[in-house]
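Each chain carries a letter (A, B, C, D, E and F) given by its place in the written order, and its residues are counted from 1.
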Amino acid sequence: MELTIEDLACARGGVRVLEGIGFRLGAGQAMVLRGPNGVGKTTLLRTVAGLQPAVAGRVSLPPESLAYAGHADGVKATLTVAENLQFWARVHGLRDIGAALMAMNLAALADRRAGQLSAGQRRRLGLARLMVTGRFVWLLDEPTVSLDAGSVALFAAMLRGHLVQGGAALIATHIDLGLDEARVLDLTPFRAVSPPQGAFDEAFA
Amino acid sequence: MELTIEDLACARGGVRVLEGIGFRLGAGQAMVLRGPNGVGKTTLLRTVAGLQPAVAGRVSLPPESLAYAGHADGVKATLTVAENLQFWARVHGLRDIGAALMAMNLAALADRRAGQLSAGQRRRLGLARLMVTGRFVWLLDEPTVSLDAGSVALFAAMLRGHLVQGGAALIATHIDLGLDEARVLDLTPFRAVSPPQGAFDEAFA
Amino acid sequence: MRALFLRDLALAIRAGGGFGLGLAFFLLVAVLMPLGVGPDQGVLGRIAPGVLWVGALLACLLSLDRLFALDVEDGSLDLLATAPLPLEGVVAAKALAHWVVTGLPLVLAAPVLGLELNLAPGGYAWLVVSLLVGTPALSVIGAFGTALTVGLKRGGLLMSLLVLPMYVPTLIFGAEVVRRGAAGLEFGGALVFLAAITLGALALLPFAAAAAIRVNLR
Amino acid sequence: MRALFLRDLALAIRAGGGFGLGLAFFLLVAVLMPLGVGPDQGVLGRIAPGVLWVGALLACLLSLDRLFALDVEDGSLDLLATAPLPLEGVVAAKALAHWVVTGLPLVLAAPVLGLELNLAPGGYAWLVVSLLVGTPALSVIGAFGTALTVGLKRGGLLMSLLVLPMYVPTLIFGAEVVRRGAAGLEFGGALVFLAAITLGALALLPFAAAAAIRVNLR
Amino acid sequence: MSIWEYANPKKFMETSARLLPWVTGFAMVSLLGGLFWGFFLTPDDFRQGSTVKIIYLHVPAAIMGTSAWFMMLVTSLIWLIRRHHVSALAAKAAAPVGLTFTLIGLVTGAIWGQPMWGTWWAWDPRLTAFLILGLFYLGYIALWAAVDDPDTAADLTSVLCIVGSVFAFLSRYAILFWNQGLHQGASLSLDAEENVSDVYAWPLWTCIAGFLLLFVTLVLLRTRTEIRARRMAALLSRERMAG
Amino acid sequence: MIPDLGKYAGAVLGAYGASILLLVLLVAVSLWQAARIKRALAGVEARAKAGAATEATDA
């Protein structure tokens, strides 16, 4: 159970944004991606998740082992909180959503329609979804947006539980999660250098 | 130029969430709204903005003097950054967008299509819009979501400039903006207590 | 208001050729009908006015779908509601932009499709006139229907259900003008009714639509 | 996959009566046509098969609109793409749910509308059969069209433009079956073609649609 | 005591509980009595034959189909202006009843048209407006069902109701503006010449009263249901807030 | 019992049949909904009362 990234380059909208990234993430490890807005954190996460192809380099990890959580939560407004979780649990072949509800303190909201949640409550639901995927590598893009301090702590606890069970996590964030054990990777040095101009085929990077 | 709120109660989805809120916000003042997820910050801001009616109490302020910035940015993906700003400037009867571009460090991105921005860049554009409204009271709902530390500082500087010019701001946020001069209002004590049960016409609270 | 109108035009054009698409759909409906009905020239010519008008109507309807929905999703409508424009003006500007992008091209393209459907020669001029007079009503009525359903996900179908009945009078009189025109009969009455419906809709519905939007923003 | 199918059904039903709306639209189109064409019973009866099929087609089309779009907007499709379901299965499940919500009610309601349009008595059975055989193709083809346009705002109209031509064969053969059935002619050939189109679409298009979605997610 | 006190849900529940048995009784008697009288005890018309018996269904149903919309218009306006919830709920409760009456009017009219006009449908202004009214009922019900927040739904449907009134008005009065239609003019006007003969008029009036009372009964019953449903939703959401 | 309806029997009986069917449906649905909601509300109210009672004893 290990995520290995070698000399990865990724592009967004046909333009190379990051290159030369390499690291490994073993069981029980977490890594925080940092860097100013627009450096390419989201792009990197989507590439690792396989949602977009890598321009160069390799991402290797066992098949069906990662769960992605992006800016959007994938929450259906007309289903209740419990139904939303149940759906994702079933898709991943699991049944039990009790632990996930407890972990993000959603038990009281279980029968509420997701459309009637506040921004932070909705985000908690999005994060609880990770628990019902049964996947080992979590890719998280700014997971704590809209969360209050208490919920951030809940999330950190959930994440620690995941790591203790042999999981791994790759997290892009601008704020401090209070995860001291996590390694930090600043993406600024991996910015793609703009290719020399003039050559015609460069346009097709 | 003063925003006065008296004994305000607001509801969401037909259920009262907050009540008994009262404060005044004069020129040059800022107030930060705090409280756990779901306490009703967004609801309060929308009520003050006039987007939903107050259940009880009064909001008084001079007409056409506030600008609202919610969770969504109102940014059109197919227009460029400059076009987006220009549109809002025209709607508010202004012309110049240079200052706004400078304030949020968007000059380099001015000709980029807004759909090609990263989450944080997009948010910067959403905030720059406030500068072209020419309004005095800013209502901001979690303005710094997705912003990196540098951009948060930019935003704080822009906000200070606004206050110095006699503006005011009401800000819901979970993180520290570094605005020491701002008053803080915790909404937790204003949670609506459930009304007494029994009488049949209470059904329509 | 002018800014809003221009922005909506720009958006429609950039989002993959707004102009072309309404038109193309009109064309498709006009082509599908004979395919479904079979290639009998006499029958075709007789149903041509109706088919053309139904096509125009559906083309309008489909493109209306997201007249306000996109602005709600990305928060623009909240911001417009707090902007110094009256919401009635917003509705009017958006409906006008919709008409320019959808209705106007239909008017211009209609004669070609008339040919394709074997419309009687006398009908062409009146086809254009009736569309010119009638399509603005379609845009405004549509704006009202969209305003009613703006908060709802998958509101598209509900919107159609609300809007189509309101389109019926325009359809009846529009097709009547063309049919009578094509047959060389007197049709002043129908044309007057058509114009009256359009004027009435233009005068009243922006207010109803603005009211509905205010309710839906809550 | 079953979970996805059930979820889509639940979503369609909760979003304000998904079942009813597709149907209502079918009804509306079938009502509008005679309005536009005028009240000549003979002409109506002759064009009834075509009109009914075009109505079914448009009802499908309108409700297709946001088959994947909602899932893209709220990020569900990203998540489904990384889930252990094959994307082809996702497409198939969603198309099936769409058919149950839209196609099936059309099949059941068609006879009533046939009555309303003055269809010849012999045609009813074959109207139902042809819709039953043909509408699954409409859902799958539609799923493919939506998959192609899924990333685009205002993709609805473009989608219609892409999908309608692919609907043409189904329309032609479907209407042909009804017309010949109503006239008491032999129609086995048309029915076989109709079935062949449906089977072909069911077998191939989920793969094409999944490929298109993968590209659009980038 | 002001009349508006009846708009208080509690007061309304009390009053309607007392009224309901009486109205139900009168409705049953007049409806069944009127239909029996009309169907069994009146002679055939010399021109229309036995089809004249359809009048006892068609005319009351058509009249109540449009009247129900006017009633909804009034209650919607009361809701918009004075924000009495019961008023909005009464409009919601009336819609399915009005839709059913409209459907009966359409169906019986169509069946009647076949022998009388030689066609079961014509695009005459009154018929068209009536059909559109039926579609408006559908849209109105669908809109209520589609919106979550009850007050929002009430506001939106009220706006729709106002717009739809144009067609209810045309169903009833189009006959005054257009004369080219196939459809009957006012046959029950007080102006004696156009009047149907007394043999038919009395049972017809009884049937109209029967349909009206049935409408009142059903609207009262359904409004009570809506109020209860609304109270239940409020209690449930309160439970959630406490828990 | 049934009067002689002549050649229009089908039309007249059809009209009466269809109308009565629709009316019966409407009445049945209304009564059924009324009963269902009444029962459900009674349940919720009982729960609410029980909740209020325990709260009172707690205090």
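Methods note: a contact is a pair of C-beta atoms (placed from the backbone, for glycine too) under 8 Å apart; a residue touches a chain by one contact, two chains touch by 3 or more.
Predicted, not measured: the structure shown is a model, and the values here were computed from it.
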Q: Please find the two chains that have the most C-beta pairs touching each other.
A: C-D
Q: Give the rotation angle, in degrees and rounded to the nearest 5, that superposes the C-alpha atoms of chain C onto those of its identical copy chain D.
A: 180
(Q) Can you compute the centre-to-centre distance for chain D and chain E, using the mean CA position of each chain? Integer Å is fine. (A) 35
Q | Distance between chain centroids, defined by C-alpha means - chain E, chain F (Å) | A | 17
**Q.** Shared interface positions of chain E, touching two or more other chains
**A.** 123, 128, 135, 138, 142, 146-149, 231, 235, 238, 242
Q: Could you list which residues of chain D touch at least two other chains?
A: 15-16, 21, 24, 28, 35, 38, 73, 153
**Q.** Sequence positions of chain F contacting 2 or more other chains
**A.** 48
Q. Along chain D, where are the residues that touch chain A in the complex?
A. 2-4, 7, 10-11, 14-15, 71, 73-76, 78-85, 217-218
Q. Given the complex with chain E, which residues does chain B contribute to the contact?
A. 13-15, 194-195, 197, 199-205
Q | Footprint of chain C on chain B - complex, ascending | A | 49-53, 64, 66-76, 78-79, 83, 87-88, 90-93, 129, 133
Q | chain D-touching residues of chain C, taken from the complex the two chains share | A | 12, 15-16, 18, 21-22, 24-25, 28-29, 32-33, 35-38, 40, 43, 46-47, 49-51, 53-54, 57-58, 62-63, 65-66, 70, 73, 152-154, 156-158, 160-161, 164-165, 167-168, 171-172, 175-176, 179
Q.
Quick check on the complex: what are the chain F residues that touch chain E?
A. 3-9, 11-12, 14-16, 18-19, 22-23, 25-27, 29-31, 33-34, 37-38, 40-41, 44-45, 47-48, 51
